[in-house]
Amino acid sequence: MSVLPDRRRLGRWALNGAAGLAFLYILIPLIFVTWLSVYAQEIPSYPPEGYSLRWYGAGIANDRFLSAFWTSTQVGVIATLIGLVVALPAALALNRYKLFLGGAISNLLLMPLIVPGIVLGFALYVFQVETEIATGLPIIGSFWGIVFGHVLLVIPWTVRLILASLAGFDRTLEEAAQNLGADRLTTFRRVTVPSILPGIVAGCLFGFVSSFGNLEVSLFLVAPGQTTLPIAILQYLEWRIDPSVAAVSVMQIAVIAVALLVTDRFVKISRVV
Amino acid sequence: MSVLPDRRRLGRWALNGAAGLAFLYILIPLIFVTWLSVYAQEIPSYPPEGYSLRWYGAGIANDRFLSAFWTSTQVGVIATLIGLVVALPAALALNRYKLFLGGAISNLLLMPLIVPGIVLGFALYVFQVETEIATGLPIIGSFWGIVFGHVLLVIPWTVRLILASLAGFDRTLEEAAQNLGADRLTTFRRVTVPSILPGIVAGCLFGFVSSFGNLEVSLFLVAPGQTTLPIAILQYLEWRIDPSVAAVSVMQIAVIAVALLVTDRFVKISRVV
Amino acid sequence: MARLELNALTKRYGDFHAARDVSLDVPEGEFLVLLGPSGCGKTTTLRMVAGFVEPTAGSISIGGTDVTRLPPWKRNTGLVFQNYALFPHMTVAENVAFGLEMRKLSKAETAEKVKGALDLVQLGHLADRYPRQMSGGQQQRVALARALVFRPDVLLLDEPLSNLDAKLRQEVRIEIRALQQRLGITAVMVTHDQEEALTMSDRLVVMSEGQVRQVGTQRELYETPASRFVAGFVGRSSFLEGELRDGRLVTQGGLALETPKPVHGKVTAALRPERIAVSAEPPAEGTNVFPGTVELVSYMGGLIDLHVRLSPSDVVVAQVTNQGGGTLPATGDRVYLSLGSPAVFPASDPHARGH
Amino acid sequence: MARLELNALTKRYGDFHAARDVSLDVPEGEFLVLLGPSGCGKTTTLRMVAGFVEPTAGSISIGGTDVTRLPPWKRNTGLVFQNYALFPHMTVAENVAFGLEMRKLSKAETAEKVKGALDLVQLGHLADRYPRQMSGGQQQRVALARALVFRPDVLLLDEPLSNLDAKLRQEVRIEIRALQQRLGITAVMVTHDQEEALTMSDRLVVMSEGQVRQVGTQRELYETPASRFVAGFVGRSSFLEGELRDGRLVTQGGLALETPKPVHGKVTAALRPERIAVSAEPPAEGTNVFPGTVELVSYMGGLIDLHVRLSPSDVVVAQVTNQGGGTLPATGDRVYLSLGSPAVFPASDPHARGH
């Protein structure tokens, strides 16, 4: 067996160390919140007095968390579906036709990802208030008002990830299908969609979680009685800090991590994200 | 000139229409907030009583906005630099060596992008509180405590975008440089870095704006006297709504849009994002 | 399995003619090859037949039916792509079954035909593999089975061998030709590879700049090229440029060649390397014998190319067979070349017909 | 411009020998070509010389200095890559200047040498272009200039022509060879293309399975292949398998061939297609004359391949030159082949030395 020269090995260890450090950086806060979630006592002090899983039960049993969770899920699912319906043809158009200002459009689709959430929320609020004043319709604080806002958060993810998938898609496959007798719709359904499925799935996953976890936009759009989960957590924390919030947090992280890993196994997200 | 068959033209218009719709969806709220920012009156009613640029002056002149803007900028710049220093070697390691669980690591690096901000902020808060209790150091609410939290937001962007750049980098270029007499460090500096510059620049840009615009993490980590711009805006809005917030929002959007387009011209971000 | 007729087919993109007045008549069961440099319009022509490019003018008929305005999925053609274009998310059997499904065959009938088609290309045992698990040669055979299974009227092949390595190319070449003959199917292939074109086709079409330059069998094209372009593109040729004086072609370097037919003006003579006889002494007989100096000996195993300078401005390549033993001419040697009767073409236009 | 010596060079990955006991001695100014199928170890050998692969055993010396343990940047070799590997963010001139910069030459000297190197490859006028603005052939010339400008001890070429199209390949081939001779530089090239290897090299090394199989000039390899493998890899051969009986090689189909030297056991005879004489009548003289039936006529322009069946189990390929006029043999014709004296090798091992 040949032995790597010492300096080459050194470089290798340094790089691997850096990767480990980045990983730890992200992991450590998650480890601490997990630790807190199994504290037995109510006041988060150090060292803990004992360990218990009771706060998980308390988190799940909390009516406000539960109803907020359902609101967040409904908003997320519907916004994701609307986002997908808009994004799929939009991505196809951006990929296929040299649109007037196509490059600028596809960059501006990134805006909701990088414009501060508070600015985006305020802009949506202003838009909905002015529309409500102008039309007299009850928009602000309505369920569909929130959904409308969240679609804005979903679109950049779905459009960009489907575009990434389309960039790797060989269009001669579509010609092959048509040559074999498939009309345009059948070709799309049988060949195009299965080929860009990783992008579609990843786009929906990222779109959903960015809607589900959003605080800023929701803050502006929800009516007093109706809250999403991030708002419910924030309100709970204003009132008291106990390990039940940690338990709710850990459950969210676990669900997202599992969704990410399962989806990745199924469609290799890492190739498109 | 050949004429496209009618159905093919129809499909083309439908796709282009969808792209336009997605674009409008994102643009409309921004247009409304821009409109509000030039209202002459203080109460955002409809129709406006007249137009004026005075709220831009008011936004800039507001001391709280100004000091919060500086805090956000400092935190963002420092967090981005630290994030880059960690991310560059980490991305190189993930790209070059088949790390133990390398795929899982690179997926988990996405976590801060998709874990709800409120959960992330709470986890960081718990971590810093427990560390403060254990060590006695004044961490929570300190400038470096905020920076530490924001580095977590920056890392996923920098690592993923540098990784994307590295995936398109032909390593025979490094061999060519070494064959021509460049040692490992010179090769990295003269060949590798210029080749992955688009990923580095895009990673820093996205990392910075996601730190700059972050509300949830900051909410947990700032001390009462010291606020970032998103928190300052939120606090202002709790007290009153007038077009000066719209003006501040428009200025932020404009700066980010310009940064995006200028950077894209310089390094073709669209190839890596 | 039908006659294919192209009638003055033209495709224009703005001012650029991708194909211009292409007329071809391919009888049932013929293997026709379109040969030409890249950009000559051969692929555009094939894609017009498949229905992916709409002609600006002209018409296409398959088996007597005008298909010019039909979409691709209503023409019964089987197209084999350069990059195979197998559906990556389907198994080999599902790929081959796709065309039959579209034709709404029963499941039992589909399964039987798929099996038959895969056996035809000797891949019956790999029916459940995915394309990515197969070699390039196997993938190309699956693509062939997929294009043949529904009995297309015409088989279209778009540079089907160019992604395979040299050894495999030879193998698949023979296989495609044998299959086409066995099934008696009309086939049109596009290639830029001369050897492929010569060994596979019944007839060849040489194209350039969107136009058909010559149609004929291998022998017709090689023995009687219609233009200087064809003489240079099909087989190798050395060219001598000159002017007609006293019934002879006189080059700038002063060579005077006898030409088989009376020509006039500026002309180009085309010489086939293997038709040039090389000798150390002046030969007893022969037309157009000239002395020259060997400039380069290119040893290529069975063949040896001699680059011989006949005058300050005239170099020709002579090809001799390596018969083993004996001494080979070396660089600097003085030799005599018998050029024979060259084909002669007008010098001004490479596409002008010769004499 | 130095002698290159490889001494029992071996590279092992676990149980797999990428290269095994490779010993070569390349004198100053020689153009040596490593030829072999993919995976034969030729690229590993080249990369060991450049310093990118560390040998498991053996040594490398350049100009008498042992460089086995030196990193790539301390060896003075110039490597030309298959994909050119030009730095995309530098202009042509900056690319070429890179090696000189690393050697800390003054700006004036660098500029002068860069200009000289670019003029050498006739690209002086494109010094300020970026690689992406150039054709493949131009990029490869820039890569050549970049590898030559700092006067490397050895020029290394890793399949330098395989990304170029056929016409360009011929052109760059001649150019590289001419440059190498003009500069008198020691060069080692890796290729899997026979024609490239035969036309460019002073000497050839045939490799397979990590081992050197034969070293020699084109003529030595073609005329006296050391093994059945070399006979099949350099030039074309038909093979007849048989057993020795009464001093003759008797095939399964019953042919009995005279062999030049006494052999024994199971053997393989290798026949060069162009050394087989074809005639319609039994020839007056000749060794190993057999009647046969033409099975396939492959018309390839200047050459025609005849696949002739001599017995139920023996088919050989004879190559005849197309001399025009006259009638060609057709499929089904009865012909007589004079096979001449074949090279004979033990049948068991394709790498065993012949007789």
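Per-chain numbering from 1; labels A, B, C and D assigned in written order.
FYI, contacts are C-beta pairs under 8 Å (C-beta built on N, C-alpha and C of every residue); 3 or more make two chains touch, one makes a residue touch a chain.
Since this is a predicted model, take the numbers as computed values, not measurements.
Path length between subunit A and subunit B in the chain contact graph, taken as the least number of steps between touching chains: 1.
By C-beta pair count, the most extensively touching chains are A-B. Averaged C-alpha coordinates give centres for subunit A and subunit D that are 56 Å from one another.
Remark: subunit C and subunit D have CA centroids separated by 27 Å (rounded to whole angstrom). Listed for subunit B are no residues, as none touches two or more other chains.
Of all residues in subunit D, those touching 2 or more other chains are 71, listed in ascending order. By the touch criterion given at the top, residues 50-52, 71-73, 77-79, 81, 83, 85-89, 98-99, 102-103, 146-147, 150 of subunit D touch subunit B in their complex. Per the touch definition, subunit B reaches subunit A in the complex via residues 7, 11-12, 14-19, 21-23, 25-30, 32-33, 35-36, 44-46, 86-90, 92-94, 96-97, 99, 103-120, 122-124, 126-127, 129-130, 133-134, 151-152, 155-156, 159-160, 184, 205-206, 209-210, 212-216, 219, 229-230, 233-234, 237, 245-246, 249, 252-253, 256-257, 260-261, 264, 269-270, 273. Those residues of subunit D that touch subunit C in the complex are listed here as 194-195, 198-199, 218-219, 222-223, 234-236, 272-275, 298-303, 319, 321-324. Listed in rising order, the residues of subunit A touching subunit C in the complex are 170, 172-173, 175-183, 186, 190-191, 194-195.
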